[in-house]
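What follows is chain A paired twice: with chain B in the first complex and chain C in the second.
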Partner chain A sequence: MSNNVDNTTNEKEQASGRRQFLGWGAAMAGLAIAPGITLFDLAHGRAPEEAASSKVRWGMLIDSGKCATGCDDCVSACGTENGFSGKLETDSQWIRKIELKDMRNGNSHSLPMMCQHCENPPCVDVCPTGASFKRADGIVLVDRHICIGCRYCMMACPYKARSFVHEELHDQNPDVPRGKGCVESCTLCVHRIDRGGQPACADACSAAGHNAILFGDLNDPNSEISKRVASSATTQVRADLNLNVGVRYQGI
Partner chain B sequence: MVSLAKLRDMLTWQRGAVMAALLAVSFVAVASADAHEESSHGRVPVPAHPEGKGDKCVRDTEYMKRHHMDELKHQRNETMRKGIRTKEMSLQNCIDCHASKETNSVLGKEGFCQSCHSYAAVKLDCFECHASKPKIAKPLHPVVSQAEKAGDGTLAGKTRQEMQANPVEPNTTGGASK
Partner chain C sequence: MNFEAFNKIEERAFYALVAALGLVVLFGLGAAHYMETHGHIVTGMNNQIVWGLPHVFALFLIVAASGVLNVASIGSVFGKTIYKARAPLSGLLAIAMLAGGLTVLMLDLGRADRLIVAMTHFNFKSVFALNVILYTGFFAIVATYLWTMMERKMYGYSKYVGFAAFIWRLALTTATGSIFGFLVARQGFGSALLAPMFIIMSFSYGLAVFIVVQSFMYAWVGMKLDPAILRRMKNLLATFVGAVFYFTIVYHMTNMYFAKQWAFERFILLEGGVFTSLFWIGQILIGTFIPLAILLHPTLGKKSRAVFLSALLIILGAFAQLYVLIIGSQAFPLDLFPGMQQSSSFFDGAIHAYHPSLPEFLLGMGGIGIALLLTTVAVRVLRFIPQDDFRQISKEMLTD
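Take a look at the complex of A and B:
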């Protein structure tokens, strides 16, 4: 709605009135219809029986200007959340820190790199079994029940985001089943998102005070992430591939 | 003097009575064998199920014996593909209730899942990936928990926080107003 507002003050006022009206309508609809039951949660937590919706597109905006060189809080938070032991030689890597340095002027950046949750994911294109798929809300996942471990998707991914589990795993996090013989990658902490949370890396980054990772709904024009994507210059890594990634970068 | 026909009649009646008696005896024997099996498993080894923690299962036992695999498979697809995470038929819910009190697991010789699956010689590969133990409240990532102690309010998503603080603020209900 707000995108269609013209510059004239009158129309702006009208639009803001309309927004307010719609907002109040939403607030009314969000009211409890019975104790403990609401039509929908105002925050993004869905009811457990509600399927992920394509009205939402989860994404992240990473500000490399705020991402401290040498800090790996996001990486270790990912490991803790998803149960990487850190002891295996072949341990998976869902998120990694990258240092970029311009050799001409010495300007350096630090940024985390992980599955970019493409709108048109090459890993899904090449998967021979349909195990690699994109959920309605834009999260790219591997269905381990039907993954045969062929690793085509690892070849196809331009971001080197996927890992293969080479060894038997034990003591997995009950929310994050992982096992030998499957390809895996960042799930955007889908189990947290389904309960209304945000990815562990984003939590850890803001807890450490960096606030370099902003998580949110790219489809919602009023979300913090959409506002920032609309107002400042953001980059999609390998934008030339037209994958329309969900993870955007700022300051690179 | 007894006629031949009468004698034949008598024998037929006696034969019938003997048959009935035999049937009755065998029925009682079978019934007692059944009762015996239920109490101490008799000669046939039957897997011993550890008691569940809850009052009763989400469906009756007969249904679950036949259909737990279908329910779990259905649920797995719903959860994996659509993000539907209802508790009732989820594997986590099964494990929470059925984990053995001694080992805190559904695996092992006395484990709820494994005891029966080895008895039936059905391969059980759920737990190559899934945890076989109930979920425990893990401490948060050290950085996160420190911040929580310090009362840092930046943990949850900003949108969510704003909405919780200000649920009827029109500008923050964008997701809903679409």
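Take a look at the complex of A and C:
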């Protein structure tokens, strides 16, 4: 009987030792991987050879309550980042500030408007050559090599988000190739995203202290943007078209 | 005047006509080159009005190209003799006008040099890409159709190829109308009605062009069109003009029924300035009421000059209609936030202005020049002038 008791005690001790070893092992492994995971979480960057993943859906949440009337820091930042300026009818404007006034109660709002990075983009549907395309991570782009400049996408876009380059360009940002005779629009600063950054407009808005533009992964339930989209009422502009846009608004 | 002297004068006149048309084409190509090197900054188009005057010309030519083939279809498919005699000219005009229209469309591209890209990269969800295939096929089918009509050995196939061309043409114009019909964003477009409306517009524009060209050719050689044939053709033209008018009413009535479209309708019909004037004076008065009054008038309608004049007015009205439809619909701002007053540096909420420039006009005229030049040369080298067999016609008239 006592033998039996001893055996049981031994087995218990051995099992506890194994558990301890496994526990320590797991902790060590966790410690080794953690910085990598943390860095990945912080940066979202990916290697150049790695393709964009559909597990991610980049998007923005714009709080018009925080967006100041008269401030156009996001617009200037976009121009500086992507290499354009000017407000003529023929000038490119990837982002613009719209001032709204409710005709029923007189309330006014201010908000930035840009490509809404639709899940079902009309510009991609109508493009004859396939130059307008949606990347796996939800960013809608124009392939400058096969855009023939027919402007059908501009006719199709419900947000007037696209611009046509009407004249020769100089002093371009090498990260953002643009060209006369092609159509272009907000790229969500894809070159920054691929390096782990966020769009210039969102940075500029934070720098100005407004924090009206929140950028993030709509597919990640733990991201701040997903949490806010889940917890508060947000709006899709022209929701009637059912395009499931990547840019959401709050406060309108 | 003896025959030889007439021949000499006629030859000179022919070369003068070819030279004049060649000059128009040259000016068009020059304008395209100017636009290509400087960019669209030299045109009246901008980021608000993205399709302008070149598209009005191109659309007219493409829509009329499909419609002008109607004359051949009535002959081959529906077996009417007087139209059969006109089938070759109708096929020729269809090819020539499509060539003119597509040239304008292509030369207006931001990157016209990338035509090869457009021919090798296809997004089959795009109705534009579908149109590229339909246009190319149209050339092939109508060219084959002309061959079966002009080569004695191929006569037997004419009816079948004619039928294929008829179906193809309906598909083509449906797709042309759908370029606008599939645009969900803009209030003037986004309606399935545009597809059948474009088909009936093509019937009207095409027949008007045919009558103008035929009258010109008959006057050139000093022939006179038989009054019975004239009566048939002008009655058909009046029917088509009436049908376009009917579709126009239905289009606007539908819009007026939807509260969200009221502002747009008010713009086009009442407050749109040049667009309102072009609608009421251009499309409705000059392009519809006056030609209908002439064509249906008991005495005027029998005069070939009056019929010629109404066909010209219908063409003018067609330009007005396309201008209002294509440019007017872009001039009205997109309504992103219904019920809100909108303003921005990108002209949100504002009526967009469009001032067509000379290069755009010259490019458009160049397209018409190409169509007419191709027709003039082809008519000279091959037998395209309608020759009527009156024994057959009188038999047909009795049975109708």
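The criterion applied here is as follows: the second predicted complex is superposed on the first by the 205 of 252 C-alpha atoms of A that agree within 3 Å, B and C clash if a C-alpha of one lies under 4 Å from a C-alpha of the other, contacts with A are read in each partner's own complex, and residues count from 1 in each chain.
In the analysis below, a residue touches a chain if its C-beta (ideal position, glycine included) is under 8 Å from a C-beta of that chain, and two chains touch if they have at least 3 such contacts.
Quantities reported herein were computed from a predicted structural model and do not represent experimental measurements.
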* To do: With the two complexes superposed on chain A, say which partner A:N222 touches: chain B (first), chain C (second), both, or neither.
  => first
* To do: Based on the superposed arrangement, let me know which partner A:P158 touches: chain B (first), chain C (second), both, or neither?
  => second
* Thinking of the overlay built on chain A, is A:Q198 touched by chain B (first), by chain C (second), by both, or by neither? -> first
* To do: Check whether A:E99 is in contact with chain B, with chain C, with both or with neither, and answer first, second, both or neither.
  => second
* Contacts of A:D63 with chain B and chain C, given as first, second, both or neither -> neither
* Based on the superposed arrangement, let me know which partner A:E184 touches: chain B (first), chain C (second), both, or neither? => neither
* **Dominant toucher of chain A (residue count), chain B or chain C** => B
* Taking the contacts chain A makes with chain B in one complex and with chain C in the other, which residues are shared? -> 168, 180, 182
* Provide the residue numbers of chain A that touch chain B in the complex, in ascending order. => 1, 19-20, 22-27, 29-30, 40, 42-46, 48-52, 55-56, 73, 76-77, 80-81, 133, 135-137, 141, 143-145, 168-169, 171-175, 177-180, 182, 190-191, 194-198, 200, 202-204, 206-209, 211, 214-217, 220-224
* **Parts of chain C lying in touch with chain A, wherever the complex brings them together** => 38-41, 46-48, 50-51, 109-112, 114-115, 117-118, 121-123, 125-129, 132, 179, 182-186, 189, 330, 334, 336-337, 339-348, 352-353
* Structure fact -> As the complex stands, chain A meets chain C at residues 75, 87-93, 96-104, 109, 113, 122, 124-131, 146-152, 154-160, 162-168, 180-183, 237-238, 241, 252
* To do: Under the touch definition given earlier, write down the residues of chain B that touch chain A in their complex.
  => 76, 78, 80-87, 92, 95, 128-131, 133-135, 138, 141, 143-144, 146-148, 152, 154-160, 163-164, 167-178
